[in-house]
Structure formats: C-alpha cells, structure tokens
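Per-chain residue numbering starts at 1, and chain names A, B, C, D and E are given in the order in which the chains are listed.
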Amino acid sequence: ASDTEGDGGAAGDYPRAETLYTGGTQWGPPSTWNPLDTGNYATGTVGLVYETLFLFEPQSGEYIPWLAESGEWVDDSTYELKLRQGVQWSDGEDFTADDVVFTVELGQIEGSTYGNLWEWLESAEAVDDHTVRFTFSQANYAQWANWLYFNAIVPEHIWSERSDEEILTGANEEPVGTGPYAYEAHDQDRQVWKKRDEWWATEALGHEVAPTYIVDVVNTSNEAALGQVLQGNIDMNNNFLPGVAQLVQGGYGVETYYPEEPYMLAANTAWLVPNTTKEPMDDPEFRKALSASIDMDEIVTNVYGGLVTEANPTGLLPAWEEYIDTEVVEEYATPRDPDVAKDILEEAGYEDTNNDGFVETPDGDPIDLTLIVPSGWTDWMESARVISESAEAVGIKVTAEFPEFNDLVDQRNSGEFDLVINNERQISNTPWTYYDYIFRLPVQEQQTTVNFGRYENEDAWELVGELDGVPVEDVEAVREVAGELQQIHLEEMPVIPLWYNGLWSQTSNTVWTNWPSSETDNNYLPSTWRGYFQLGSILMLTELEPAPEEE
Amino acid sequence: MRKYFGRKIFVYVLTFFAAVTINWMIPRLMPGDPIQSRLARASLTDAGAAEALYEYFNNMFGLDQPLWQQYLNFWVSLLQGDLGISIWNFPTPVTELIMGAVPYSLGLLLPSILLSWFVGNWFGAYAARSKWLDNTILPLGYVLTATPYMWLALLLAWSLGIVADLFPASGSYGLSLQPAFTWTFISSLLEHWFLPFLSLFLVALGGWAIGMRNMIIYELESEYSNYLQALGAPRRLIRRYAFRNAMLPQITGLAVQLGTVVAGALLTEIVFSYQGLGYLILQAIQNQDFFLLQGAFLFIVIGVLIANFIIDVVYVMVDPRVRVQMQGGAK
Amino acid sequence: MTLEVSDLRVYYRTLRGDVRALDGPTFTLADGEIMGLAGESGSGKSTLSKSLIRLDGRMRYVGGDVVLDGDTVPVWDDRAMNEFRYKRISLIPQYAMSAMNPTRKIGRMIAELLESRGVRFRGIQDELHRRLELVGLETDVLNRYPLELSGGMKQRVVMVMSTLLDPSLLIADEVTSALDVSTQRAVAETLVEFRDREFVKSMIVVTHDISLVYQIADTIMVMYAGRLAEKASAKTIIEMPRHPYTKMLLDSLPEVGVKYEDKRLSGIPGSPPGLLSPPQGCRFRDRCPLADEQCLEQPPFVEVERDHHVACWKAE
Amino acid sequence: MLKFDRVSKVYKVGAFGGGELTAVRDASFEVRPGEVVSLIGESGSGKSTLGKMVLRIASVTRGAITCDDINVSGLRGHQQRKAYYRKVQGVFQDPFSSYNPVFKADRVFAMIRSEYYSGVSDAEWRKKVDSALEVVRLDPGQVLNKYPHQLSGGQLQRMLLARALLLDIDYLVADEVISMLDASTRIDVLNLLADLKARGMGILFITHDLALGNYISDQTVILYKGSIVERGVTEKVFADPRHPYTKKLFASVPQFHKKWDEVEAELREREAADTASQPYHLGEGEEVPGELVEVVEGHFVQPFHPRVAV
Amino acid sequence: MTAAHSLPDPTTEPEEPAAAAPEAPRREALYFALRNPKLLIGLGIVLLLLLAGLVVPPFLEHGPNERYAPPLLPPSGDHLFGTTQFGQDLFTQFVHGIRATFVVGLLGGGIAAVVGMTIGFVAGYKGGWIDEVLNMLTNVVLVLPTLAVLFIIAAYVDSYSVVTQSFFIGMTSWPWAARAVRSQALSLSSRDFVDLARLSGVRPWKIIVRDIAPNMSSYLFMTFILLFGGAVLAAAGLDFVGLGPSDGMSLGLIMHQAVKWGALQLGVWWWFVPPGLGITAIVGAMYVMNVGLDEVFNPKLREM
C-alpha cells in the first residue's frame, strides 16, 4: 500500500516528541516534489527543501537575506546579488552563483512560471562563485523583489541534465535542496520530512529547526482535519476549520494567532468579481450599488463566526495599511448600506418597471444574475447565499449557484460567468500584486489568473506599471501611485472587496509550544501553505520549543 | 454448461464495455477543463506560460485529439494495461494511485460482505424459529437495512470514535507509523479498520437477515418440509434442509447486492477518510481527472464482475437444480 | 382390525368460522385391506388422510378416536404423534412430485431421514435396494437429485421411501392423478404389490377416480361433504350401490365404448353444500331425487348388509 | 375445414434455450364442421401444443394449419387476427385459471364485447349473452356479476363455452376441458360439446381419457411423443386398435366391470390374429416413416416394429 | 437499492382459494390488513412523517435556510431540533427535508418502477429474443455499481434538481425490479386467462396492463416500496457527498452540512442524528410495512 522508497529500511515510528504534524495544504497524495510546479509540489518542497534567496516577512515588512547575503540595485538597470558562502546542497555539492543563474534562466523555457521575468530582464551572469549580476531593460522593482523571495533555487548540477518538460512538470522524486529538511517517505495520506543536521543556517544564522520529523498530513476534508486537531494528532493545521472560535474559547487546547476575533491573520482578500463585459455589470454605478448592498456583517458574524474581518474598501490587506490613501478612501468609498444601494440604483435609472420586485436596466431589460462559487466550499457557498439575499433585498436579482470547481474555472476563465468570488492573490511584498490582479491588460481570450472581470482601463494599467517601477523601499512614492489606483478602483469598482480570508491556522501546545501569536514575540506567519515558507513561516519552525514533559 | 458460461461471459463483457464507455463519456461531455483547473492552481503570472503549459498537457494527455480518437486510444492503451497518468495527481500513474487504494477497499469490503452474509443468514434463520425472535430480530434487521450507510458510519464515528474514544475516527493507520510487518503497525491498521468495517457490516447484516428469514419461511412451508414432518422428521433436520435451500437464493442475492455494498463502501470510506477507492473517486470527480476516474471505476466494475462471476460459478456448483438443468437433464 | 376410526371431527379454522371438513366418520379398516376413498372435490378425503398422520396449522381436532392395532392414535398431539409417524402410519403425499428436497441426493436424504428417526441406514440399505428394484428402479437413483427423475420415477421413489419401515397403515393421497394412464397403472399395481408383500398392512387410497380405485381396492368408501356416504367391497359399490349419491356418480361416468349417440349420460345437478354451516340432516338432500322429510335428519352410517355400510334413509 | 398438413413444432428448451424439443412431428389430419376429433395421448405427447398452434398461441415451426383454406400462421395485422378468432376459439383445461381472479367472471364476455361488438347497445348485448348462456344451460342471474371463485368449475367451464358462442364460431379447440371437473359435472360439459357439434361446429377435443374421447368423437387421433401413431373413425380405432401404443393405452385405462388383466387378455387374443405380413409391420432395421398406412377404410396406423414394446 | 432480496420470489402462485374461501379476496385482505401490526405501525410512521413534511412547512415562520437564531443551540422548546452553526432552525430544515425525501422516493422509485415493470412485463410476456435482449440489458445495468455511476452523472450534470436526481436514480435502480417482475409476469402469462384474453383479440399491452398487472398488484406495490426505499437511500448518499441538488433542502443535505461544519467533532449531535433517523424511519417503516403487506396477501405467511 505504500511507496516508501528511500526510507532506508528505517521503517517505524516517528517519535511523537520529535515530530511535528502539520496539515492543511496538501489536498491529494503527494505526487511531485518539483519546486517549479508551484501549485502542486508536496507541502514543504519549497521552504523545507528548496530555498529562496530572500525571505519576506510581511508582519514587519522586512526582506530577510537567506541564500543571498545581500543584494542591491547598482543602478537603474543592474542588480547585484551576494550569495552566502558555505552553503551546500544535500548531496554535498556547493551552492554557487551558477545555480542561481541556472535557475533564473529556467524562466526562458516556454511555460515556466516566471517566463515574463525575461521580458524585462536582459541577462544574469555569475560574476564570481558568490556574486550574480542581473541586467534589466526596465527596472520593475516590485516584481523583482517579489521574484527574489518567492522563487526557489535549484541545483544546476542535477537539473541541467533534464529536459525542459522534465524541468517544468517532472515529479523530481528525490529532491536535493539546501533547506533544513530532506525527503523521508510519503504515502497516499502523508508526506514525511526529516531534519538535515547540516543545514547552513544553523551555523550561519544560529537558526535551528526544532522538529526532527515533519509529517504533513493530506487533507481529505476540513472536518476530518478538525477531528485530527481535536485529537491532538496534528500540531498545526492550516485548514479553514468551522467552529474554531468555539474551540479556542472552549478549552479544547486549540490556539490561534489572536486569542479572540478575528483569531487569524489576514492572508488574502476575497473579491466579488463582476463580469464587466456583461450588462448591467459594465456599469460602475451598478457595481457600486451591488457592493453597497452586501450585508458583510452577516457574513462575518454568522457565516464565519467572527473568523474573518470585513475588507478595507480598497481591498488592500492590513499589512499594506501604509499604502492606503485614507483621503481617497474617505472621499470615494461607497458605504455598505442597502439604502445607499437603492439610491445609486435609482439615480442610475435602475427601476422595477415590471413590478416583479426586482429592478430592470435603464433600458427595461430584466436583470437576473448568477453568482457562482465552487460546490463544496461551504463557507463561500453560505456567503454567496448571503450576498444573493442582500442583493435581492435592494432589488437586484442574484441567484447563488454552485458548480463543480472545474466548471467554475471554465466559466471564469472564458468570461461566461456573471459574478464569481475569488481570492487568488495572496499577501506579498507589494500591493502591486493586487493591482496587477485587478487591472492587468490586455484581456485575453482565456483569463487564467488575473482580471477575471475583463475590466479594461488603460490608465489604470499604466499606473500599475508605474507602481512596479517604484523602488519598494520608497513607501511615500508607492503610496502616491497606489492612491491614484485606489481612486480608480473606488470609482469604478471593477472588483468588489468582501472580506479578508484568514491565514487559517490552529495550533496545539501538547507537543510543541511557542507558536506564532500576537501575544508573544514569535510573530512569524504560522503556515505551511505553498509560498508561505518564503514569507517567513520557515522561521516559525526555529522558534518552536518542545512542550515540557508532563508528569 | 459451456454454453451457459459462454452467455454469462458475453453479458459480462457487454456490461464491462457499456460501463467503461459510460464512464469514459460522461466526464468528457461535461463542462469544465481539468487542465485549466490544474493550471489555475499554479497561479501563473504569465499568460504565455499558461498557454504553453496548457498545450503541453493537452497534448500529453491526448485531449487535443478528436473524441473518437481519444476513445480509440483509450481502449488501445487499456488493452495494454495502461491506465494513463492522473491529471489531478500528475505525474503519478493511475495504476499506482489505485494500487495504493485497492488493498484498503478490499480489506473493508471482503470481510464485511462475507461476514455480514454469513452472520446475517444465520440470524435470519434464527429469526424464523419463533414468533418472539421474529418480532425482535426482524425489526432490527429492517432498521439496519434502512439505515443510510454514511449515517451509521457517522454515528459510529461519533459515539465510538469521538465520544468514547475507543477507536480512531479517521485515517487508515496511525500517523506516526510507516507500513511494515510489525505488530504496532498491524494493530494500528486494525484499529482504524474496525469502525468502517463495522458500519458496512451492520447495514448489510440487516438485509441478509431479512432475506434469509423470508426465504426460510417459504422453505418451511414447502411440500418437502410438509412431507418430512408427516414422516415425523425432527425439526432440526427440516430446518437444516430449509436453511440450505434458502441459502441458495441468497447467493444470487449477494450478486445483486454487490454493487450496492461497493457503493456503500465508498460512502463509508469518505466518512472515515479511509484511504480507499471512495476518496479517490470523489477527488477524481471533483478534479475531473478522467484517467483516475476511469481507472478507479474500471477497478470497481472489474471487481464487481469477477465477484459476480464467482458467485455464478458457486451457484452452479451448489445448486443441483441449475446444474441439472444446464446439463439438459430430465425436466 | 388395523384401524378403527370413530366419530372423528376435524375442522378448519377460518375467518368466518370453522369449516367442518371432516364431520364424524366412523369406519374400520381390516388387516390387509386396501380401501379406496372416493368422493368429489372438497368432500374431505384429504382432510381425513391428513388427520390420520399430521394436522396442518389450520386444522383443529374437535373430537373422535382413532385406534391403530389396538393403540389409541393421539392425532391431536403433534408431539406424541411422532411415535406413530412413519413407523406405524405413513403417507404418500398428494404432491409426491415435489416431496423431496430438491438439493439433496435422494439416497442421502433417505439416510438422513432414517437416522433422524433412530433407524440405522446401513441396516436397512439392502432392503431399500431390493424394494427399489421391485418397483423397477435402479439403485443408482439414490445417487441422483430428485430433479433428475421423471414424475413416475419420483412417485415410485416416494412410495418406497414412505413404506421403508413397514407401517401398519399407508395413506396414498391422489398419488396417481398427475400421471398418465400407463404410469398410473404401474403405480397402482405397485401399491397392491406392497400390500401383497406386506410392506404395509393396510392402505387407504384416496382418489376421485372410482374406476381406478376399482382396479386395486378391496373396499371403496365414498365421502360426501365431510361425511361418509357408503362403504362396501369394490365390487358391491360398482355393481350394487345403495346410496343415491354413489349411484348417480357412477351413472355419470362414461366408459370406454359408451357413445353419446347411444347413451346420453347425465350428471348430478346442483353442487355440494358449503361446509362452513352445512345444512342439518342429510347433506346430499338438496341434490337427491329421493329426498323427503325424513332426510332432514342425519342418517346414520349403518351396516345394511354384511360389510356394506350406507348413510341413507332410503337405502333399505 | 381445419386442416393440419405435416405440422411440426420445435421448442427451444434448457437453460438459456440451448436444446431443442420436438413437441409435434409431422402431424396431418382434419377437423370438419359438425365433427368432433379427439386428440388422445399421454402427458407431454404434444396435444396441447397442437391446440395452441391452431389458436395461434404457439407458432408453427413447419407445415401448415389452414382454416377454410386460410393459412393460420399467415395472418397479418391485428384485424386479420381478430377476424380469425371470430371463427376459431378455444376452451382450456383449467376453468379456474381461465378467469382472471381479480375480476368478475363475466369479464370474459366483456372482453369479447369491447373487441368485437363495441357498437352494440347494452340491451342487445344482454340479449346476446342471455341466449349464449341459455345454450350452455346456465341461469344468467346465477352466474353474472360473480367472481370466479364464487362459481363452480362446471359453471365456469360452461361460461367459457358460452363466451365462444358469442362469436358464432365454426371451430372450437377444447383442451382437456373436463379433466379438472368433478365426475358429476364432467358429463354435463361433455353433453354440451355434443350439442354444439350437432349445431355444426367442428371440435378438436383434446383429452387423455379414452372413455371421454370415445363418448363424443367421430374421429380419433392417437398421439405418441409428438407423432400421430394411429387415427381414424372412432369406432374403428376403439374396436380394433393396431398400434402397440394404442393397445397399451387401452390396457391401462381403468374401467368398471373389467379389470386391467381382463382387458389385456382380450387384446392379446386379438393380437394373435394380427399377422406379421401387415403393411404396418416394419422389418428389422427399417425406419419408422412419417406416413400413416390405411389399414381399413378410415383407419390409419403408423408402421411400427411389432416386437418393440413402447 | 438495498433489500432487493427481501422480496421473496413467490414462484409459487398465490394459491386459488377455490371453494375454501367464498369471501372476496379483497375483503379478506382488508381484514388482515387492519389486524396486521407490522403494516399498521409501518404505515403509521410513514404517514406521520409524510404529514409532517406536507402540513408543517407552511406554518413555519422561517425558511429552512434562514439564519435567524443563535448558532448551535441544542434542542429546546423554541427549537425542537436545535439550530445549526448559522442559526438555522433544524426542525424547519428537517420537515422540508422530509418533503424532498418523499419526492425523491416517489419520483425515483416511481421512475424505477415504471421502467423496471415495463421491461419486466414486456420481457416476461413477449419472451423470445425480446426477452433475451431485455434480459441482457437488465443484467448489464444490474452489474453496474449504481452509486458510483450516479456519482459520475450527478457530478457532471448541469442544473441538477431534485427531479433530475430522481430521474437518474430511477434510471439506474430498476434492474432487480425488472427481474422480479419478469419472472412473475412469465408465470402469469402462461396462465390460461391470458391466453383467453389473446383469443379475445385483445392487444398485448392491454393484456399486460389490464390482465397481468392487476394480478400481481400487491407484488408490484411491494416492489415499488422497495424501490422507494432504495431511491431515498441513494439520494441521501448523493446529497451526503455533496453531489445532491444544489437548491432546496433534503435530509441527506442536512447531514452533508452537519459533517462539513464539523458537527461530529464539535459534538453537535442534533445536527446529524435527526436527519439520518428520519431517513431510517421512513425507509424502515416502508420495509416493515412491506412485510405486513406480504403477510396480508400471502396466506402462508400469516401463521407465523
């Protein structure tokens, strides 16, 4: 029943006191350990095995040098990176500038996740064993910073022998990385990592990861995860667990980042995306009315039981608070109020002319919208029902429907949908990623990752480019450009911010303590989600302490 | 005899063909695109990259060919024993995924089907013994058959698993273990197996008990029973005969019920997050993983067919009536 | 005297009351006697034969005595009857065709039956083989399933099986009705043979075919509506019946050689009374051309001649 | 005239229709109007099969059955079939199972009405039914509006005859119509058939009881394992059976006044007179031919091996 | 789809009452029906629940999905069955769910019954190659693991409503019924009264509908009950894994939501126990009623 190749015959227990059990990321049997297959690699592949040049810690907004020792813009088109010395791959080879150059150049393979990097990157060359110089045709500071901490470096000496296909989609069954853990075993329902004692950071930075083993448990469902958490089988879980508020309050030994509402850090924004190519959603007034109609309190309190918070009118995450132009918000934000919604509708000429209780377009066409949410995503389904109810309360007919996920993707990408809820962009080092998500042009036949609403606004898109060109440290400048984008967003409302999805995390102190918490000094993101180890979660592991032995 | 089995096999082949075709067709005719969804998960920032990868996968899975061609390819590779590669779990071969799940499903199904069959029949025969027993066992049997598989599973998971904490309520073996031939592992395996097994066993049990009870009442009223009674044969002997004869239709009943039990097992596996085919199928459906779905379904169909065939053979072996008829004996 | 039945009453319980299917017959059966029991459908023939060996669930013993070879037969007591069954009273059932367990080989079934009755099969095996040969069956049939035999063969197997323990009384209920004439004859003759060889002491052969019973029976007893009408030697019944019912019944039977054009026979008008609440007095009264006031009273079953009993006021 | 011309019937039998069973083999004979033909044979000899083929309940495998020169199996379409049933009808062995137990007995009349006389008024229909019942000597008040189980077998069987009469049929197939009846009621039904014959109806009377066959029939056909072994004018066949099977049948019929041994002795006597030179005695190794030989005018016998017992 | 075998195959025909019971069989059946505790108890429960599903909902103030009460209240006087995580009243959901359950049972069982009976009757009555072909079809569908097929269909069919669900359940659960009906029809069509109907020039379908079917009406009814139960269970299974109709309320859906929202782990037993109990009660009562009916119509069984 198992595929435990590479367990070296050491079949047996993982001592409980030395093992960290995690869950919440892996939704199917681990099948690939390829860090370039960004949506599918086994939990921990990037972070535990493969590492990035920097980490970005959103709580503090700090870039933490990791495989790189430092990096700086020499001029407006040159970036120079100093690599850490004495780092070795787990097979004993040295980590060098060639590995970095090789990894960056993988972007030139058609289909690579960071192919667009090469649209403005001209070259990457190893100056010496530990220095890499990048030459840009255009300085996209934001994107570059993002690239630096997000993408894992792979060993050239192994990967250079692989075909392009293998590189992009191969399973990479024996991952060789620089990180603190190595592959130990996997089965249908778990992935096991084992600590590497030779990890460079121990010596270089004094970091030591606490658990000898990490067993990441494959999710079958949120409720199964809840059961495992309650039974103490899982130390940290990153699922959305219904009823977690009760657990935290009720002495079940379950803890979250905040001891009270909203319990969780914010991880991303859930947006209501109207299809702006369709009537009447092509009308900003209508979109604003729709936004105003939504009863967010109901969603926050009743659907989520206080586990989420209503999003800022700009939709930007709390971590980006400093980039929000409060004056713009005050002036342009539409309040969430059914009466306001009704007023906007009336003013814009939406009236119930045929007396069926719902408004028609100014041309008198009936409005009948469908809001889609993937079947089985229970919290969203419930929220969709609330949105439908509150829209109908102001006279906009919205029906919630729950197609299978694939069907939804199909409708969403091809632009067939009316309304859809989406939260694809995660927290990052720059609000640029959000505005890229909202305004990206040109609109393609298939919108696979961004601008699902197919909103076209050249000015806004230009501003997004401008934002990218602002050095990330220059908060003032960023805020200025971002403020303009916020105004457009609030006036046009191409996507409607709903709530901040939590960085779902529930931890148990039975075996490991000193979890990230607002109450302590450990403020790293408590997450195993793909892409989050780079956001500092890896450091959380170094802060963990074994629970004191109970008498 | 040969003719009889020839015909049976023909029906089986036909069933196999129909089932597999249905299963091949339905997901493909439905909206949604598994590759798009796979790519959507990867959050590619680059539209060009998405397109290239999309083409690559489409070509690799052969989804860019016309449907009839895909269908042909499917049979060709099926006959070569190649079930393809899972889309959802790329690049794991479907066979590997299924082989990981099948032992668990079989481990649940075989004992629960066989045990419930034997115990159920025994109970049923017992029930037909007196009015008192009939009035207690029978209603219990009905409650059990009427119980939705997953509900019983839920009740057991909740009461014995969560509240009483006697058995683990999910998973197939302890998280701290690796499969091995050690007592710790096997006992953990059994612990995890017990509740799903019990729920399947109980639901099926009721059906068999009732079936047996009804059959045996008919048998006890039959003319040979009457004759034996008139000759003063003890009840013991008559019951034995009746039991044996009533058992035979129950064998065919087993064939009829197989599909249901397998389906019940899927539900049970889902409730207990058991690592069997149920979970795989559900995931395959949700991710529109054509290949995995085909594979898992194929496995079920083949399993059911083989089981049916075995039952057919057994039936012919144990029931002289059928055997004689087939040999064209005296009518 | 093998069998003495006096005033035996067995009723069927039904929703609307008792069906008086067997209402007080009194008769005797001598050693070595084959008695034909005739009568139209529903007259209680089967009820009588069942009463003598096993009452089924709906039958209710109401009264009367049965004495076999001087011992009282406790027909009302299912448990006590087991002593008598098979060993002293045996039965060839009406449904002989389906009387055997279809899934057991015949030999095994007989063995199991015998063992369960405390008889060692080994000890009796040779006799079984002999008797099978006697009825023209090879001993090989013991290795076969009932299904593999023809109707006539099954009938004969059941006959041998039923009489294996040499009972005093054998009841053969409609054993020939389902067979065609030639098999019928063979079976009937076998019954006589069994008596002649003393496999059984005496026999009641139930049938509705008087001409068949005439061929093999020593005496014939005619039943009508749950009561006895007439009993006499076979010859007497055919040639000199006394009861009007017997007479009319015989008159309505065509014989080989009789043609419609030559002699138009006629049936008995009317139909027998329901047995739920049968009329007082003679039950044939309504259909009897001789009936009068006197018939309002039940005629006793009396011996009008030596060994000729009739229940009719008009039978002098 | 109802004519059987080398009619054969093969059933598919065995589990899943593997085997074949020839139920009737090359049977040829005729039923003329105003004539009763008895079809006699042991169980399974194919009597009912012949009857069913006439009634189109079973198909004819080979040969042809013609009714007044119309091939019975050649009828096409519902209307033609209905027209045929107007002329030819059947009555079956078991009067109890001939009625649908959940409906009243007179539904058999109603069916005829709805299919054949849908235009007829209630009163007229009533008259028709009454007169048919009169022919079969039934009191309408006693039998109409009753459930089958409330009527006696004789009554039911007579109602079935009355039903056939509603259609002014020419031919009737009577398949063991009296074997389930009590001795006392049998004769009434038999007499009734004789009356119908007198009215010019042709009757195929199927029975295994020689005495009954003899009682009303003009022609007798003896069927053995699907083949006709002997047929002819009833008197001749009964007075002088030739085929060993016929003889055996005769010897086995239980009779009053004569015991089996006596009958057998009689037959043996007669057999002695039968010489081996008769045209129907086959020599060693000769095949049994399908054709019957006419031994006396109107008396046909299938040639046989004299010493072979049946 | 369970309990297919709990309908014994009375290849022996219900014996003729002949002279024994001069009473109309229907009246007799009624007599026994009124005295059969199994039938009465079963029917009582079914009717009670049916009534609850039909009569109660219009009197309830709130809809089944309305969030108006405090969340996760255990059963009390205000909320008979307690409330959900979202403050929906579980009693309201329950009675609405009962409705859906009956609809699925009636529709799904009905469709299966129609298909199964049609096929069974035609095969049994016509015989010959038609029988062979239909038999083969039956066997093919019989061997298919129905629920797995339903999973697939349900997952991929657009605009999935209770009616569609019932349709698919009906279309996959008829085979055993077809088999049972076929063997009955086969033995019935060899009965003389069927031949007589043919001789009366009645068309085949009319013979099937008017002569054969009424003779096995009790058997057909019992078949329907079993199909009803099967359909309810199948629908519950589908709803439970989230492949049920997306709108409306059903008992399976309540369980689905209960599980999804961790009722099991949080000990919210009132969320998942009643719906399952409801299904078990309906189906079980139906089955028990069936035994009762069997005893009523089958004199042999009455003695027990």
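FYI, contacts are C-beta pairs under 8 Å (C-beta built on N, C-alpha and C of every residue); 3 or more make two chains touch, one makes a residue touch a chain.
Remember, predicted model here, so these are calculated numbers, not experimental data.
Q: Please check whether dropping chain D from consideration leaves the other chains as one piece, and if not, give the groups.
A: one piece
Q: Please report the minimal path length, in steps, between chain D and chain E on the chain touch graph.
A: The least step count works out to 1.
Q: Most remote chain relative to chain A, going by C-alpha centroids?
A: Result for max centroid distance from chain A is chain C.
Q: So which one's got more C-beta contacts, B-C or B-E?
A: Ranking B-C and B-E by C-beta contacts puts B-E first.
Q: Can you work out the whole-Å distance between the CA centroids of chain A and chain C?
A: That gives a centre separation of 94 Å.
Q: CA centre of chain B versus CA centre of chain E: separation in Å?
A: It comes to 22 Å between the two C-alpha centres.
Q: Take the average of all CA coordinates in chain C, do the same for chain D, and state the distance between these two points in whole angstrom.
A: 31
Q: Take the average of all CA coordinates in chain A, do the same for chain B, and state the distance between these two points in whole angstrom.
A: Inter-chain centre distance comes to 40 Å.
Q: Can you list the chain B residues in contact with two or more other chains?
A: 30-32, 162, 169, 270, 285-286, 325 - these are the residues of chain B that touch more than one other chain.
Q: Of all the residues in chain E, which ones touch at least 2 other chains?
A: Answer for chain E, listing residues that touch two or more other chains: 18-19, 21-22, 155-156, 158, 259, 264-265.
Q: Any chance you could list the residues of chain D touching two or more other chains?
A: Correct list: empty.
Q: Under the touch definition given earlier, write down the residues of chain E that touch chain A in their complex.
A: So the residues of chain E in touch with chain A come to 65, 67, 71-72, 85-87, 155-156, 158, 242, 246, 257, 259-262, 264-266.
Q: Which stretch or stretches of chain A touch chain E in the complex?
A: Listed in rising order, the residues of chain A that touch chain E are 221-223, 226-227, 230, 241-243, 246-247, 298, 302-303, 305, 375-376, 378, 382, 385, 401-404, 407.
Q: Considering only the defined contacts, which chain B positions touch chain E in the complex?
A: Residue list for chain B touching chain E: 11-12, 14-15, 18-19, 22-23, 26-27, 29-32, 128, 131, 134, 138-139, 142-143, 145-152, 154-155, 157-158, 162-163, 169, 203, 207, 210-211, 214-215, 217-218, 221, 249-250, 253, 256-260, 262-264, 266-267, 270-271, 281-282, 285-286, 293, 297, 300-301, 304-305, 308.
Q: Sort out for me which residues of chain C touch chain D in the complex.
A: The contact residues of chain C facing chain D are 40-41, 179-185, 188-189, 208-212, 214-215, 238, 248-250, 252-260, 264-268, 271.
Q: How about chain D: which of its residues touch chain C in the complex?
A: Listed in rising order, the residues of chain D that touch chain C are 42-43, 152-154, 182-188, 190-191, 194, 208-212, 214-216, 234, 238, 248-257, 259-260.
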